[in-house]
């Protein structure tokens, strides 16, 4: 018998602390597998955020940083500039990347740092117990919007992949999901592409991955997958948002 | 004889400290005139940034804050939420708004705070002596890019109006310029619209205004205007980027 | 009047309701004019971990709400018994939910009571109210708070889920009876 | 050997080159083995303001580079004369560029020299080198540094704009001559 | 009003409302997230405004904005979040705006852990940020006191136009104790005085600013602030003592919850005839140096107990001098010292004094 | 190497290069912008990396990342910018990474002004951020010493795996003085030791982290750090004295540039026969308490001079005790005390001691 | 014949494998594992297609898939 | 006849008004004002259109424009 699916060298074999059904685990596995597939484990440095995946440094089987809340892209910048030969990725939640870390992610992307960002959008603050995230859906309950997200008060959810994609600097930006095996397969391909661009030294890359949080959504795992599909997918369309190949050189050379 | 052009009640009559030809002065005047035109001077609170316009609190003839570098939109949020009856505007440079203050401006816009932001893009850090701004043009000299902005190192200039315009939350977003009387006239109309939306309680509004910095560009005033037209205009197209009227209600109401 | 100064540690898995039992006990004591504190463990947001609370009751202001050696332990799961059992003060009280804890305590210097709280609770209503059986046993045994007052608090706590009141009160009473009996029989 | 310990304040509008004159003086002193410090005013980035620099020269390590009462003042504009004139130490030296400063100093207790620095500079090359006329006067008068060394420094400072060297050296020499004469004539 | 049993974090939120503060800007962080959660529910009910800021940097600048337009305003956070507020707190102090900041401390440094600690003492009292400024810092030791001090914090903030920080450890945020609230609306509406930016109708324009380009003016501004801090120092020192009536051999210093753990140990030792007293500063700034010195003068030795590696210890040393006999015991990382540990450390200290226990049972153990 | 005349800010940049540091991440701010400007030019020439960060928050996290992968790294800023680095500095200290931070201080609080000040003493030495950690803090008094201390800073940072701050006022950044640099590359390449994240080829994975959920482990980590600070305290105190050889009536304490102004006044007073000595701490942390005490024991009185409202004064008090006769004179807001002002304050202090001047001209005025 | 192996101790009982299996051969136990979770089990081993979808959908790397002979990977995973 | 007035002391000599004037009637003085700037002046008063463009283009509010009788505002400013 041949193993056609097994654990990956990109992850340690430590069981995770995530809740049953939490798709952080799947996203970890995909990143781990890509690291293994590309043969870059021994030159990869990962950066864990502050969020439910704060312990990601225990799970990824490569050198790991733990960054302060939201600043993983700045840490990534420092690491990659100092050692351009290593592969640097950050793994960040929506509170981390899209709220407190908005400035860092946009500028890191805009500078075109040759790093890869895995952005886990679960529309909530998981770790701290279900507060509003910038990506929380209109009407969605959170502990800091006990009457549901009121768009007149909190505005609409931010679409990070689209925001980053729209910067002029060449990049690979895409959005995947984890609510079905089909989307997981597609998302893994996106993550692989993202790392490949870094390995080739081409550009910044970011993959936003829609993820479920049954615990703080107050839903079963199955209901959560349905809710993601029904509520999040229309607002957060999947697919590639930007490729470096599409870049039309801005001819400007504004010496004066 | 009738005065058909005179100083405005929206400004104090203190001469400014700006360099000869610096268009900060024109942008001040336009804002002051709009405040006068709309009859809101006595209920307006302005917020000066840290940048060449740090002393704007001396020039605007209304209640004024001096904010910390980049955080004017957060100050505006606090002020407006606390007193929804006042008209709140911030006046910020490109270092202030687009570099250190990137997180604050995006979230303030995204929450749909009913405030108005005047964003002065002069493609440089004026006050501190000509360092790279996020909006500095490719190849442009700055004291921290002594060989010109290398886009492989610093990425491409950020287009703030486009970034803000692209958020889902309804807003009025536009870009104007100051390099000719024609554009000044058009820009004043944009600034007026921006304030009108706030007065009506409709939405967040932002006007990006292209401005010259002869001192740090190392050009004469006339050369600066030409340079703005030749180098900046193609990259930073003028016009209205977003209007609240265009907003198609996102039907989502993701209660669960 | 008995010296009511005491500290109780109530422990179980998250979701087993021991924090609520502790709150009811604290409220009951407070309503009787006693000073109280209710200090939960708040670990990192790890899922499925244990949850415990220390309730201190005193006639004077509670000094330390953090108690290393409580006078009583109520435990709903084995890890908690293993972790906290050894810490109970000599001469103290240990109440174990034998429906869920398969092992015994080895504390010869404490009074140890085994109650099949889930079974008892299921019998009088629902197994989910096992936490109140445990509370009942403790109240019956220690007499630290008045049972009637405690029942009122239970009713108040469930005032927005009225339909759960009867089963929870019944579970409390079932535990209370066990406790009162135990008090009468031994020691 | 004369006691060379001194402090000179050089002031003018931004762009008039007094910071550079100060730097040349400091360099010249340094090359002669003296200790020096060069402390510019750095005001807020207000445009068109005044710029001044304090150069301290000492045989021992310079103590305070910040001097409230300098021994000498070289001034290229009226505001600086008004501001700093009163601060010069009694018995000190004030050199005024009379090409640009229409007023006189009222310091009877100081030696005051008026030099039409711009005119002189224009005569020997370019008016833009007035700052070096001023420096020349000071060097000639005070003898604090060697004129030849100073000329070498000037050449070095302009080494990437060689074509400006002759005019600047000429301006320095013109000033020097004035200074040496003044030294000989009075006091 | 009757007593209610309430979690410290929620009681802090409610206390603010009772003080008349209905504006909150803050960012979630354990172990204080129940404050914003509670206020997100409550504030709309009382016509207030709750805003979840995008970060602590933003939150601290939002309270600057809200205080500047003349409303009472609160933010709360925990250690790393408070560090991010450093710059804004310097601005707020410089502009003399009244704000209240609550820090429910967790362990550090860095991300540390979420369990109780007292290791932000120095950041709060000494070096909050750049420039010469000081906050008033209040340290409650019970949920009731947290309520009282939050209310006091608003009073002091407005009296002195200065930021006030209430600083407790995670325990105080997470525990429930009975509390009694003063009647609703103790706080009269904040008086926007002659400084708040309310629109210049009927008066000259106002400016809230901390930039002073002229050094002399900036100096004068600093002197003015310093004079204010001196006034605060003289008028606002608060502390509590325990067992100081009779004679005692050892004086224990402790603030916040640690003082209660110490009390348990002191009571136990009293039963053994050991005479130990407690000095608890309530205002960590202004620190009650003279009062501590007076209390220590009656003891042979001082033992400082903290949930940190010796931060208040600096002030204890400052009060008593470099030659004073001061012992220290501190825990960190979320480890709460047990009453037994404290007891042991007290006995160690006592043994160094050479004192013998007095008749057992001299004092009753409550 | 021959001496060159150089601006302090540029010399600081060059010193870093000479120490082997070719990575810089920072954000412009007056009066230190010449450091990044200089390095933007120089670093590409020596194969280094210059990155203008989007903010000080980002810059401080970039140096965390760069130090974590094992390169020597520098950031520089001025007061408000340093406040924004608070959180990251706590992380860096917790993770025991070697970084050097230069603070060219300007006046505060808030935006303050851009002129010289020394008002970040307490933020640097006491309460940089949340949690129990300390930086090593070095205070140069000349451009040459700034160069030397920047080089020393890298050595100490790497020896103790701890952030080191070099702290000077705006004057030191802006003035030119002759400097001599050590030969290029004093610094051997940084030894990535057993901690740097270089990719796990040929070894187990490494983690750089400050999260310790288990309180016991977090406690142990704190104890380990504290032990390190104790080691630093013992080994690294540095100070300078002036005029302490003979007898003296007054001891002046001052750090950084203020000490030089004081020296001018001391020299003048010596000509008048007044005996005044100077004590200048070079390491503000660890502060040389014992050495100061020894120096002060020979004087009748101490006068502390600072460009702030009395920050180092706390350490002087800590060293000498609450009963010591200590006077203070401080300026703020960018006002630099003049030698004359200092002289006057010294005379005032001397008059309080009742001493009379000794024979005039006893000491030569240089 | 392809087959899968489920790690009792890694499984958290989320049932995502159950939903993913096109052969509908997976179910949950009544028994609890050491961490208190009811865990996944194969109800009908013979019908396993070796398609890996259960493993792909599992957040906890609790499933390994084995196959013999030639396998056709319709999707690269 | 429309006319403009230039404030000698407010003017910084940037020449933007010169460039803006459609009638090309503005120039700069040789004299300097108190702040050291050569300032704007009207060379031929009679040709002024009262169009306000010089004032609109001036960063320093140094120009006031006066007109008599009916004016047609082609652009609202």
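Labels for the chains are A, B, C, D, E, F, G and H, by order of writing; each one numbers its residues from 1.
Going forward, a contact is a pair of C-beta atoms (placed from the backbone, for glycine too) under 8 Å apart; a residue touches a chain by one contact, two chains touch by 3 or more.
Keep in mind it's a predicted model, so treat the numbers as computed, not measured.
> When you check each chain against chain G and chain H, which touch both of them?
Touching chain G and chain H alike: no chains returned.
> To get from chain B to chain E along touching chains, fewest steps?
1
> Select, from A-E and A-F, the pair of chains that is joined by more C-beta pairs in contact.
Answer to which pair has more contacts is A-F.
> Distance between chain C and chain E based on Cα centroids, please, to the nearest Å.
Taking the average C-alpha coordinate of chain C and of chain E, the gap between them is 34 Å.
> Taking each chain's centre as the mean position of its Cα atoms, how many Å separate chain E from chain F?
Centres of chain E and chain F (C-alpha means) sit 29 Å apart.
> Can you give the whole-Å distance between the Cα centres of chain B and chain G?
The mean C-alpha positions of chain B and chain G differ by 57 Å.
> Taking each chain's centre as its mean C-alpha position, how far apart are chain F and chain G in Å?
That gives a centre separation of 61 Å.
> Two or more other chains in contact with one residue: find those residues in chain H.
none
> What are the residue numbers in chain A that touch two or more other chains?
As it turns out, chain A has residues touching two or more other chains at 18-20, 54, 66, 68, 99-100, 102-103, 107, 111, 127-129, 134, 154.
> On chain E, where are the residues touching two or more other chains?
30, 54-55, 57, 80, 87, 91, 110-111, 113-115, 209-211, 213
> Mind listing the chain A positions that touch chain G in their complex?
Going by the criterion above, the answer is residues 1-7, 11, 15-16, 18-26, 29, 180-181, 184-185, 188-189, 221-222, 225.
> Under the definition above, what is the set of chain F residues touching chain B in their complex?
Residue list for chain F touching chain B: 27-30, 33, 36-37, 40-41, 44, 50, 52, 54-56, 80, 110-111.
> Note which residues of chain B are touching chain E in the complex, please.
12, 41-45, 47-48, 54-55, 57-58, 60-68, 71, 74-83, 86, 103-104, 107, 111
> What part of chain C is in contact with chain E in the complex they form?
Within the complex, chain C touches chain E at residues 5, 23, 26-27, 30, 35-40, 42-45, 58-69.
> Residue numbers of chain F touching chain A in their complex, please.
Checking each residue of chain F against chain A gives 23, 25, 49, 51, 53-55, 57-59, 61-71, 73, 87-88, 91, 197-202, 205-211.
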